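Multiple structures follow.
In the two assemblies presented below, chain A is common to both, partnered first by chain B and then by chain C.
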Partner chain A sequence: MKIKHGYVLRKVAGENIVVPTEEAALNFNGILTLNETGKVLWERLQTGASKGLLVDTLVDRYEVDEETATKDVADFIKVLKGKNILDE
Partner chain B sequence: MVYDICGIKLRFEYNYPDFFASRIKGYEDPGREPEYHMDVHIVGSINPPDAKPVLCYHDRTVMHGDKYEYIVKMDSAEEITDLIRFTTDLRRIDIFLVQRIGKRLPEVEYLLSGMMFFEIAIANGMIPIHAAAIEYGGEAILFSAPSQTGKSTQAELWRRQLPESRTLNEDKPLLFQKDGVMMAGGTPWSGKTPENTNLTAPVKCIVFLEKASRAELVSLSNQDKVKMFLRNIHRPREEGKLAFVLKAIESLVYNTPVYLFKATKETDSFTYLYHAIYRGDHL
Partner chain C sequence: MNRHVVSLEGLRPLIDEQLHQGKDVTFRVKGNSMFPFLRTDQTDVTLTSPPETCKKMDVILFRTEAGKYILHRIVKVEGDKYLTMGDGLRTKETTSKRQVVAIMKAFSYKDKTTSADSQSYRFKVRIWICLSPFRSLMLGVFHRLERHKNHG
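Up next, the complex of A and B:
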């Protein structure tokens, strides 16, 4: 899975904000705000990552159990898919 | 005619006084050397430009040619109804409108010239914000919200209660930094109303509005402020320009008082907010 072209992640006033640019702005005119976990997952997905890799990333970095990490990753992916900003 | 709009020296030739007669005179500055040129031409027909389509949005297509960029609108018969031709640096802009648009020509001229002026403003480090801005006591207060939320209603309440106040712009004032101070300025493109003044003033505060039955001021987290600005500021699609706008939003969040005001249409709304801004009540 990979984030579609045109979405940029920026830190604005301490907040992680995803804003669409170019053609992506036609697909999605809103913004996303990410917490630190979301930011880590987003950065992984910018270069492409499997669900397994995302889960491993959370387990390694935040010392959460695999079940919790799997649920967090699934929730995150659901949001991105709902906004059509993720390529399979 | 050359106009000085928030320091932008623009030579602009329009065709229809319907919108501009009451809006633009205050910005005339005939002695100035213009930095930007914008002309509107009414023509019988428009040929497709020799350029490559790069982006389609809504009913318009952005095209890039060797010398110019274009924004083209076609009707259902795929005939061009308007075309904007401009240099990449926006120094030279020509807007072509076909005669058969008919009664809507004045409105389309006003809307498209405004759209391109705001592009010039962004290129000059300014940010158009969807707001009604008034000047009172040498400072600007901005009421910002999506359409139909009551920006003009609040501005009108303030004007009525404080007759010495002036309207900078009732639809899209410009925000810009000058000597480290955030300023707001009027432009001739003020939406449906002719309410605007050729004036700039330091920003006292920015008030985002929500309709309510009882006046109430709500404090906003930085995240909420960023969201509010991104909803109400003209957001460029180009990444480079967007980066600049995000930086300006950050500066606004950190350095400018920003409130969410649940507003009514009644005078008590003015009183409540006035006391909050000038006496610190309700904060």
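Up next, the complex of A and C:
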């Protein structure tokens, strides 16, 4: 899985905001902000990563068990897919 | 991944960057100061970089001296200043050109998008401004109609 071309993560006012770079308008209603965990997953997905690698990243970097990490990763992927910014 | 409410002041660098790139920004309206044209939590406004001089009836986003961001309509152009007023308000304020951040290009309500250049929309605005001496009465009628539509 990989983040689609045309999206960048920007730090604005202390928030990690996903900004579409190729759309004619930035819609602040549907804007996606990421917490630190989301940011780490996003960075992995920019170069491409499997679900397994994402889970391992969370288990490795944070004190979470695999079950929690798997759920967090699944939730995150669901959000990105819902916004159509993830390539399978 | 959480949804946060980030203030316009905080988002300003990103807004300016978009506008400078010739892009638009879209927001959901907060507050009833532009009722009945723009409805709180229901109308989306699309803003773009402002021209050198805005015209009467244009809706502008401006930053007050106190740092507050306001979306109101120009009711009169006076040299380097604009006299602005919310459609749903009775008091005017003076805004200088340099305080203007963006101008409304279009607005969307219930899947219908209206251009700020639309003839019929500008006609309604003209009437609304002409009727401003009776604004309290007009607003009362509109708010009552709105309640009737929502609950009746």
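Heads up, the rule we're going with is that the second predicted complex is superposed on the first by the 80 of 88 C-alpha atoms of A that agree within 3 Å, B and C clash if a C-alpha of one lies under 4 Å from a C-alpha of the other, contacts with A are read in each partner's own complex, and residues count from 1 in each chain.
In the analysis below, a residue touches a chain if its C-beta (ideal position, glycine included) is under 8 Å from a C-beta of that chain, and two chains touch if they have at least 3 such contacts.
Treat the numbers as computed from the prediction; the structure is a model and nothing was measured.
Q: Touching A:Ala25 in the superposition: chain B (first), chain C (second), both, neither?
A: So A:Ala25 meets both chain B and chain C here.
Q: Go through the superposed model and pick first if A:Glu36 touches only chain B, second if only chain C, both, or neither.
A: A:Glu36 contacts neither chain B nor chain C.
Q: Using the superposition described at the top, determine whether chain B or chain C touches more residues of chain A.
A: Counted on chain A, the partner with more touching residues turns out to be C.
Q: Which holds for A:Glu66: it touches chain B only (first), chain C only (second), both, or neither?
A: Neither partner.
Q: Name the contact category of A:Asp87: first (chain B only), second (chain C only), both, or neither.
A: So A:Asp87 meets neither chain B nor chain C here.
Q: Pick one for A:Val12: touches chain B only (first), chain C only (second), both, or neither.
A: Both partners, chain B and chain C.
Q: On chain A, which stretch or stretches are contacted by chain B in one complex as well as by chain C in the other?
A: 10, 12-15, 17, 19, 23, 25-26, 33
Q: Please name which positions on chain B make contact with chain A in the complex.
A: 55-57, 222-223, 225-227, 230, 235, 237-239, 242-243, 246, 249-250, 253-254
Q: What residues of chain C sit close enough to touch chain A in their complex?
A: 1-4, 6-7, 9-11, 13-14, 18, 23-28, 44, 46
Q: Help me check something: in the complex, which residues belonging to chain A touch chain C?
A: Per the stated touch rule, the residues are 10, 12-15, 17, 19, 23-29, 32-35, 37-38, 75-76, 79.
Q: For chain A, which residues are in contact with chain B within the complex?
A: 8, 10, 12-15, 17, 19, 21-23, 25-26, 31, 33
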